[in-house]
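Scrolling down, you'll hit the structures one after another.
Each of the two complexes below includes subunit A, the first together with subunit B, the second together with subunit C.
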Partner chain A sequence: MYSQGLIGADGSTDESQEVLAAFQQRIDAEEKIEPNDFMPQGYRRTLIRQIGQHAHSEIVGMLPEGNWITRAPTLKRKAALLAKVQDEGGHGLYLYSAAETLGVSREEMTEELLAGKAKYSSIFNYPTLTWADIGTIGWLVDGAAIMNQIPLCRCSFGPYARAMIRVCKEESFHQRQGYEIVMTLAQGTPEQKAMAQESLDRWWWPVLMMFGPHDADSQHGDQSMAWKIKRFSNDELRQKFVDATVPQAEYLGLTLPDPDLKWNPEKNGGQGGHDFGAIDWDEFWAVVKGRGAMNRQRVEARRKAWEEGAWVREAALVHAQKRAERNRLMTQAAE
Partner chain B sequence: MGDALFCYVLRLADDHLILGHRLSEWCGHAPMLEEDLALPNIALDLIGQARALYTHAGVIEGRGRDEDQLAYLRREDEYRNLLLLELENGDFARTMLRLYLFAAFMELFWERMLASKDETLAAIAAKAIKETRYHVRHSAEWVIRLGDGTPQSARRLQAALEELKPYCAELFHSDAIDREVASAGAGVDPAALRQDWEAEIAAVFRESLLEEKGIGDGHQTGGRLGRHTEAMGFLLAELQYMQRTYPGMQW
Partner chain C sequence: MAENETPLWEVFIRPRNGLSHKHCGSIHAADEVMAVQAARDVYTRRGEGQSIWVVRSADIIASDPKDKDELFEPTAEKIYRHPSFYKIPDEVGHM
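Here is the complex of A and B:
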């Protein structure tokens, strides 16, 4: 779902200046770096971490929405939600595959997630309390993911860029679908409209936090920008997102919960844009460090699935070995 | 014939909704990512089939009930699905075995349904048969893998069979409704599928080293008459939560 505002990637690298300069030349020429090409250790480490976080976010992101599949209000909505959550699992799969080209296995990445060593987007540590949350997540969380992922389609690392092209198409479908759910509520009964507004009130600020700390407080941005892993800073993407979302909320007749939100004609180099209020970074860091409403439950759910599924994975492996052995014996007998 | 056909299609629709509901519970909790994709995918097929069937049932009934009114707004004793399908998922072995037992039945069912004189049912069968073949393949592979895997997986699969066996006879439940629809050429009498089904599953059970005796002799029936298991009320409480809490709204 998301990887902007990467936390804790270590881009430091110890190759010689010459080697780094040659690599930078390829990057500056907009060449794609492929898995078997030379790459600095820091570049590889940053990507493993970023793609891993991104993959984990897709997988953990299945949980809050999955929470409503059995309670979706109509069969059409149920089918659409199932398909959406399944898409997110598919994104996780492409991303794990992209990370695997860098020499790390899906099992290792999963173990890191379960051990709390690898992060995922903090947005998924918030609970889904009403049906409206399914609309809000599609509209805003997938919307924020698109802001972040469109530039990643031009990421210098080939497998990541290609995965993002596939993923972006599906995310924009999710975003429209989510918006349509919220629209139906906003145009529904007063009770439904209140449900949509209450949901927006809860999700708005956490969604803005998805873009990560302010540029001034973000340590790893510059190297990632130079390597063209990132193309825009956290604050640039957040601003784009706010500017895109304000008219959408107006069209719905819903109010973004920010009294400081106002049009500023000077913004964005004179093109105009929205000023918005201060983000509560204490909340952000608390959630990142494990003190969100659902941190424990999300990781627990993944651990439970992983541990309780161990016997299934083992059986599949053993069966495949038995089969291979039988085939070998049959071929031998035939010879 | 209208009343019988309505009941007949409704039973079929309920089967698909209820199993789709159970399979969807796995989403995000499966033993491996591939199954986190496959199980919702199958659930999605089943719910798609249920939607087509409910819509058709509503047309046959002619009282203006749409798919959602039929799917969400009935009392427990008005749901007519097989008991087998409403049971809790249990572990992965039980989930896969149940899917296999039902899908193998539905494959035979849809094949014959292609010739239905009811054009809508024939069209639903034409789409469903392709999906069902995939469900059979996927679940049969797992049944074989688990049965001929580790001692633990074999034990779990055998336990799943003991758990599900009492409910299998109901697949072939046949009453006046089935016979009327079948004799009009609109549907299939499930009782007629029993031999083929037993032969089909025997082949897969052999490969999975499952010990099976008397799979068709189960005593658990009642779903077709609206008498359910204790699991059903909880399933419906979830399924109907929104429609019951906020009656009469558009979503």
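Here is the complex of A and C:
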């Protein structure tokens, strides 16, 4: 689903200038960096952090939507939501697999998440209060994710870029199924339309926060851009997202909850674009630092799933050992 | 957790008959049966595959990128291995 603009990675690196310059030359030539290639410590650390946060976001992102699987209004919606949540789980696994090529183990990443030390996208710390939220998440949260992830398909680190190509192929279904849910509500009874509007009112600002702090306040942007881990800045992506979403909301007859939102023909180098109001960064940082509505429940739910699955993992390993032993004995007997 | 890690497997998928299996990522699984099932669930949710191979990541032997130059050096100088090395007159036609 989505990685926040990276939170708190240390891109500092202590290689010599010559080594860094040689690496930069490969990056500038658009060569992909593969797991066994030389890479500066800071590049490796930044990627482990970013891919890890992205993977955790996919896994935690299953929770707000999973909340509505049993209460989906029709069988069709239920089947689609199940498939979407399963995709998020799959995306988490592609990404963990990409992070593992950098030398971090799945267990280490899982431990960090369960200990509440790992970050994931702030958006998943908001509750899903109504069925309309499932539509809004697909439309806007997955829409914002696509905006961010398409450039990540060209990330300089090969395994991350390849994982993102798979993710992007599947993400389009997520956004379309979400928009269709909202459209059905918006064209339904006045109560249904009101439910869609109320949901949009709650999610709009948190979705804009998903792109991360303004460029001027973003600590990691420059180095990540130079290493071509990122291709666009947080503010550039946020602007693209707002410009893409305004006509979609208009079509639905819903109102984006921002009185300052207006067309500005001067924007985007004269092509025109939308000005929008100030984002409440205090709320953003409070959620990132653990004080969102759902932070505690999200980690608790992951911990519960991990602990309740322990016997399955143990039994599977013991079973595998027994089978291997039995095969060994049979081979011996045959000889 | 660390002392009881579930093994890592590399996954290769053949998208269609006639094509070779291609690496697409990795998964964790206790044994080869579960590895194939997990690979199916993770990497072929939309008809991406006709066939799956899994192999333990620990069993893969890879060349070291640091050795790239000496490992592949002999091939660079053997230009006579390429068809364009040989001059054939135009009158002969396509060959």
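What we mean here is this: the second predicted complex is superposed on the first by the 334 of 335 C-alpha atoms of A that agree within 3 Å, B and C clash if a C-alpha of one lies under 4 Å from a C-alpha of the other, contacts with A are read in each partner's own complex, and residues count from 1 in each chain.
Keep in mind that, in the parts below, a residue touches a chain if its C-beta (ideal position, glycine included) is under 8 Å from a C-beta of that chain, and two chains touch if they have at least 3 such contacts.
All values derive from a computational prediction rather than experimental measurement.
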{"item": "First, second, both or neither for A:170, with subunit B first and subunit C second", "value": "second"}
{"item": "Touched partner set for A:97, first subunit B, second subunit C, both or neither", "value": "second"}
{"item": "Partner chain(s) touched by A:314 [first = subunit B, second = subunit C, both, neither]", "value": "both"}
{"item": "First, second, both or neither for A:305, with subunit B first and subunit C second", "value": "first"}
{"item": "First, second, both or neither for A:154, with subunit B first and subunit C second", "value": "neither"}
{"item": "First, second, both or neither for A:79, with subunit B first and subunit C second", "value": "first"}
{"item": "Subunit B versus subunit C as contact partner of A:38, first or second or both or neither", "value": "second"}
{"item": "Touching partner for A:107 - first (subunit B), second (subunit C), both, neither", "value": "second"}
{"item": "Touching partner for A:192 - first (subunit B), second (subunit C), both, neither", "value": "first"}
{"item": "Subunit B/subunit C common contact set on subunit A", "value": "83, 86, 90, 93, 106, 313-314, 316, 319"}
{"item": "Residues of subunit A that touch subunit B when the two form their complex", "value": "59, 62-63, 66, 69-79, 82-83, 85-86, 89-90, 92-93, 96, 106, 131, 181, 184, 188-189, 191-192, 301, 304-306, 308-316, 318-319, 322"}
{"item": "Of all residues in subunit C, those that touch subunit A in their complex", "value": "1-2, 4-6, 8, 24-31, 34, 41-43, 45-46, 62, 64-66"}
{"item": "Of subunit A, residues touching subunit C in the complex", "value": "34, 36-38, 83, 86-87, 90, 93-94, 97-98, 100, 105-108, 110-111, 159, 162-163, 166, 170, 313-314, 316-317, 319-320, 323-324"}
{"item": "Subunit B - residues contacting subunit A, complex", "value": "17, 21, 24-25, 27-34, 36-37, 40-41, 43-44, 47-48, 50-51, 54, 67-68, 71-72, 91-92, 144-146, 148-150, 152-153, 156, 238-239, 241-243, 246, 249-251"}
